[in-house]
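The following pair of complexes shares a single chain, subunit A, combined with subunit B in the former and subunit C in the latter.
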Partner chain A sequence: MGADGRSQVDIGHLATLARLNLKPEECAKFQEQIEDILAYVDKLSQLNVDGVEPMTTALPMINVFRDDTPHETLSRDEAMRNAPDKEGAFFKVPRIIQDGEAPDDGEGGDSNASK
Partner chain B sequence: MRPNEMSARQIARVVNRGEMSPTEIVGDFLKKIAETEPEYHAYITVTQEDALRQAAEVADRLVKGGEKLPLAGVPVAVKDNICTKGVQTTCGSKILAGFVPPYDATVVAKLREAGAIIIGKTNMDEFAMGSSTENSGYFTSRNPYDPARVPGGSSGGSAVAVRCGSAAVGLGTETGGSVRQPAAFCGLVGLKPTYGRVSRYGVAAFASSLDQVGTFGRDIADCALLSSVISGYDANDSTALDAPVPLYHELLSGTENGAGTGVGAGTGTVVGAGVDGIRGLRVGVPKEYFQTGVEPEVAAAVRHCLDILSAMGAIVEETTMPHTEYALPVYYVIAPAEASSNLARYDGVRYGWRSGNSPNVMEMYCNTRDEGFGPEVKRRIMIGTYALSSGYYEAYYLRAMKVRRLIRDDFDAAFKRYDVLVTPTTTAPAFKIGELSEDLLAMYRSDICTATANLAGIPALSMPCKFVKVGGGRQYLPVSVQLMANVLREDLLFRVGYALQEELALPGLKQPYTHLQPQGDLYTQLEGRGDRR
Partner chain C sequence: MTTWEPVIGLEVHAELATRTKLFCACPTEFGAEPNTLVCPRCLGMPGTLPVLNKQALEFAIRAGLAFDCQIAEHIVFERKNYFYPDLSKGYQISQLSQAVATGGQVNIVTDDGNEKQIHITQIQLEEEAGKSIHGGATIREATFTLEDFNRCGIPLIEIISEPEMHSVEEAKAYLEKLKTVLLYIGVSDCKMEEGSLRCDVNISLREAGSDRLGRRAEIKNLNSFRAVVNVLEYEIQRQTELLNSGGTVARETRTWDEGRGESFSMRSKEEAHDYRFFPEPDLAPVEPGQAWIAEIKATLPELPDIKRRRYVEEYGLPLYDAELISGNREMADFFDKTLQYYKDPKAISNWLMGEVSRLNNQAETGFDKLRFSPQQLGELLAMIDNGQISTKIAKTVLEEMFASGTAPASIVEARGLMQISDQGALETMINSLVDANPGPAEDYRNGRDKALGFFVGQIMKETKGRANPVLVTDLLKEAILGKK
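Entry: the complex of A and B
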């Protein structure tokens, strides 16, 4: 919180978590807008919600299982037709492990930073 | 009468009887698209050749099968976040430009089964985030009553198509009002069904605990017919409810020959409302919805609807739903939180846009998403990421889910006492293009009367109830009333809506309208110098 009670957002960190490579000139405006919206939703802190059961879905839901029987699915070709890059039966992406580097989990080292 | 001027029911009737071929119908609608698109921009993709092929298939089925199809030859506008096999589906986003789904959404499969023709994919705010189509990655659609104004959103393109008559009926999607608000701005009937009433298989997810496919029609019976066709259980969607689907349109008496036949109109009787009628109906009017900054003329139009229902024998009472004012803050935590998770899939690997020349996969993800998403989508992803991140989860997301429960409790209490709740749909008629685009929170407040139904999971219907004069000039714009009912009581919404529609008897709504067409001179009709219905 800032001195005025507004939440202050570390926009660079947030963009990294959201996997957005924001341009430097976009950052200040996004930060201000996001702080405005957080100030608006802060109205929720006025309410006492002690003992209220969180509502996680619109209607009571039960898990659904289907029978474990084979059925027709998309062919591999159909499923891969929209891929921006592929090689044979594989989606092709830029290098994940750099030369001489230990294998990385691809999460940029902050995989515990969000729930 | 040109086919594009007919109701969906009339089209299905003449096609089933063999009086017109699906190809003739589709040909006329394609002509109408060519006439209206340059001005109003409803469609991202028009399925010209594919629509004619579908028409031939329907004709074939009618000849061979001898069966009657509920939407035989009816051209339907489908929002571009609903998958159509072999037809580009963009979600209004550059990140999905050129994406061609390998399968049909369940709702699209149901439309095809019913004999409908998918005539095009309609414009929308990117990933359904917005209230005007101004957040589309492609262009802004125009309101057929005034092209300087927005059609509403996010399902704005489908609303424009149905109002112009470049489709007979349309599909949209709802997360916080994205069918009802554009329906209100374009003078249409729009339904947000009960959560789970309609399958979402093949519908791009925005906020999964709120999303639902909704319907547009130029009158209650068309909206009811389309809703019956797309509703029902689906093994491919674990949230789809396994409950019988009433034929909603058949609950409305006097609609067989195309509605608007005057049955029940002006008599003060309950003929139009079907078996249960309006007499004795318990109507609640939650006062908080009238404390939202609603314009006096809109409030007066809604009060007029209440007077009509009263005169027909309904018991109308003011009530209170004390947590209504928290609905938007809850919505703007929950929807972005779920969106930040759902939109993680757009990473440039399996489909959609990929940024070139990234040195490694992490850079590729971040560049792809920065280039592919527009500003509103980025904002909401970041808000959602923030609300879910360590240290903030309890203050934002968990708290929002608890307040959501309190909002649902308000509805539970209300539905113990009332059959339907009546409110405005929007606080004002359609705003001008650019009017709110620099004021995020003002744009967000577009959902102030509608987001509650999504949070509670209940069905809600919007229908036009008055034309109001704007700008002191010759211009009229529609405003709407919203009806809400308990879970799976869409039947009640259609019956009450039908009774209101027939009593209100507003001119011109059942036909296509664009501001340029001479036969749609609303001013003449509303000033009482003509009586064309």
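Entry: the complex of A and C
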């Protein structure tokens, strides 16, 4: 929460996570919109939820299972029809690791404590 | 100089032995043509919905029970969001705080022969990613990557240990025990060469005796026990040198280059981990219920720890034998069954660990594929006890049983291998032998015990090894010393 009671949103970080290239004016616009949404949802925190079980789903059911029996699969041609790039039997994608990127150390914390 | 103690935690991923994937009904077979075991669901096409494979859940519960875990009453799947090309949907369906099983432990036997418990944090059910083939010698040198989604969506359990291992040996013992139990309960084939069992290693160093944990490095996706051992040895040395020279260990994910025997910091396009977990809205929660859990528990086989203790306490086997036999389910089954036909556990253990294992190794086969039966092995051992064949001949007979599955009595009869215990026949042979060799006989009378070996050898040669060796020795002594 910021001083004005609004959530502080790091729109640049969110955009990176979502692989979106935002222009500066889009950043400002979405920043405001997302903060509005969060402020609205934040009304829920005004409710007293003592003794209320956390809700993880809106589905009114449990134990929806499937038997372990194989079905027909797609043919490879069908499976790859929309692929932007392919090579032989494979989907082809650009290289994964780029030079000069920061080491991946963002998981936070500095101990062996389990995640 | 500070003494550093390693603190090791392991996350083991075991693919489950189901016929179909976790959330769709594509087959899970290994080695199919790339991108042929796929459907709109596991390719992450919009509009598709996951449905949970009941067998996969049962296997996860089974594993939880085998490691003494608490099975959750209310199980929830979570969506873990990240982009990586082997993950078709842009998220992995995994578990977090309401996983299938929590608590529990793996019992290991340490080098000094003591038992130690390594606690399990939790066992979670999740889906595999696809397989990436990097267009270069290593991931760091790749210019492009090829993706095969056959593996994407195969069920796996991730078994997360507490950071309670403090040496490379303990980590290795933990992995071996984990694999043994998973094979016992039949939930995974654990074929490391096919990637069915993989391991992430967390390792930090702390001052010996301190409770404070150091900063850890995580090395992902190791697919052999050898690689785990190599990584741990390498990281212990790397981190020791860093700390001793006043540096700090970076908290980072590293990749292991087995060829070079070094680990490298992963400079990954994968952004800082911010997985934004939330409960998977496309899946209903699961409540397995006590009745089903009890039903699964009732089908668990006798587990290796219990078997090992039974072998020592009931049968008086040495700990070494008990550990070795109980560590291999097929061998243990064969041992247990042979005991129904033959009553000397140590003799059975000797033959299984010795000759039978030797023949298995030679033929690159296992105890589950033996052509002869436990009953036939029992018959063979009884024939030795009855003096019908010698131990040496029994080895020859076993080789034929191994090759053909023929009953030992038939082999002995067909090949005329029955031991000669006919005293009269042996005496005739011995007398003429001693008469023909006065020199060695005199040597023996003069106290050269080795000379007796010459006579035994000659009799064995003459009888093609069939003479009863104990009887021959007795008769020889009598014949030579009696002629003084």
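We adopt the following convention: the second predicted complex is superposed on the first by the 83 of 115 C-alpha atoms of A that agree within 3 Å, B and C clash if a C-alpha of one lies under 4 Å from a C-alpha of the other, contacts with A are read in each partner's own complex, and residues count from 1 in each chain.
Assume a contact is a pair of C-beta atoms (placed from the backbone, for glycine too) under 8 Å apart; a residue touches a chain by one contact, two chains touch by 3 or more.
This structure is a prediction, so every number in the text was calculated from the model and none was measured.
Visitor: Between subunit B (first) and subunit C (second), which does A:47 come into contact with in this model arrangement: first, second, both, or neither?
Guide: In the superposition, A:47 contacts subunit B only.
Visitor: Tell me which partner A:89 touches in the superposition: subunit B (first), subunit C (second), both or neither.
Guide: The second partner, subunit C, only.
Visitor: According to the stated criteria, A:81 is in contact with first (subunit B), second (subunit C), both, or neither; which is it?
Guide: Only subunit B is touched by A:81; subunit C is not.
Visitor: With the two complexes superposed on chain A, say which partner A:70 touches: subunit B (first), subunit C (second), both, or neither.
Guide: In the superposition, A:70 contacts subunit C only.
Visitor: Could you tell me if A:61 is touching subunit B, subunit C, both of them or neither one (first, second, both, neither)?
Guide: A:61 sits against subunit B and subunit C alike.
Visitor: So, A:15: does it touch subunit B (first), subunit C (second), both, or neither?
Guide: first
Visitor: Quick check on the superposed pair: does A:30 touch subunit B, subunit C, both, or neither? Answer first, second, both or neither.
Guide: The first partner, subunit B, only.
Visitor: Do any residues of subunit A touch both subunit B and subunit C, and if so, which are they?
Guide: 16-17, 19, 56-59, 61, 63-64, 66, 74, 79-80, 91, 93-96, 98, 106, 108, 112-114.
Visitor: Can you list the residues on subunit B that touch subunit A in the complex?
Guide: Touching subunit A from subunit B are residues 98-100, 102-103, 194-196, 209-210, 235, 238-239, 241, 323, 325-326, 329-330, 332-333, 340, 344, 347-354, 358-367, 369-370, 373, 375, 378-379, 381-383, 385-386, 388-390, 393, 395-396, 398-406, 408, 440-441, 444, 454-457, 487.
Visitor: Flag every residue of subunit C that touches subunit A in the complex, lowest number first.
Guide: Touching subunit A from subunit C are residues 7, 9, 18-20, 24-27, 33-40, 43, 51-57, 76, 81, 83-85, 98, 121, 132-136, 139-140, 142-149, 160, 162-163, 202, 204, 213-216, 250-253, 265-274, 276, 279, 281, 283-288.
Visitor: Can you check the complex and tell me which residues of subunit A touch subunit B?
Guide: 9, 11, 14-23, 26, 30, 33-34, 36-38, 40-45, 47, 49, 52-59, 61, 63-64, 66, 74, 78-85, 91, 93-96, 98, 106, 108, 112-115
Visitor: Subunit C touches which residues of subunit A in the complex?
Guide: 13, 16-17, 19, 56-59, 61-71, 73-76, 79-80, 87-114
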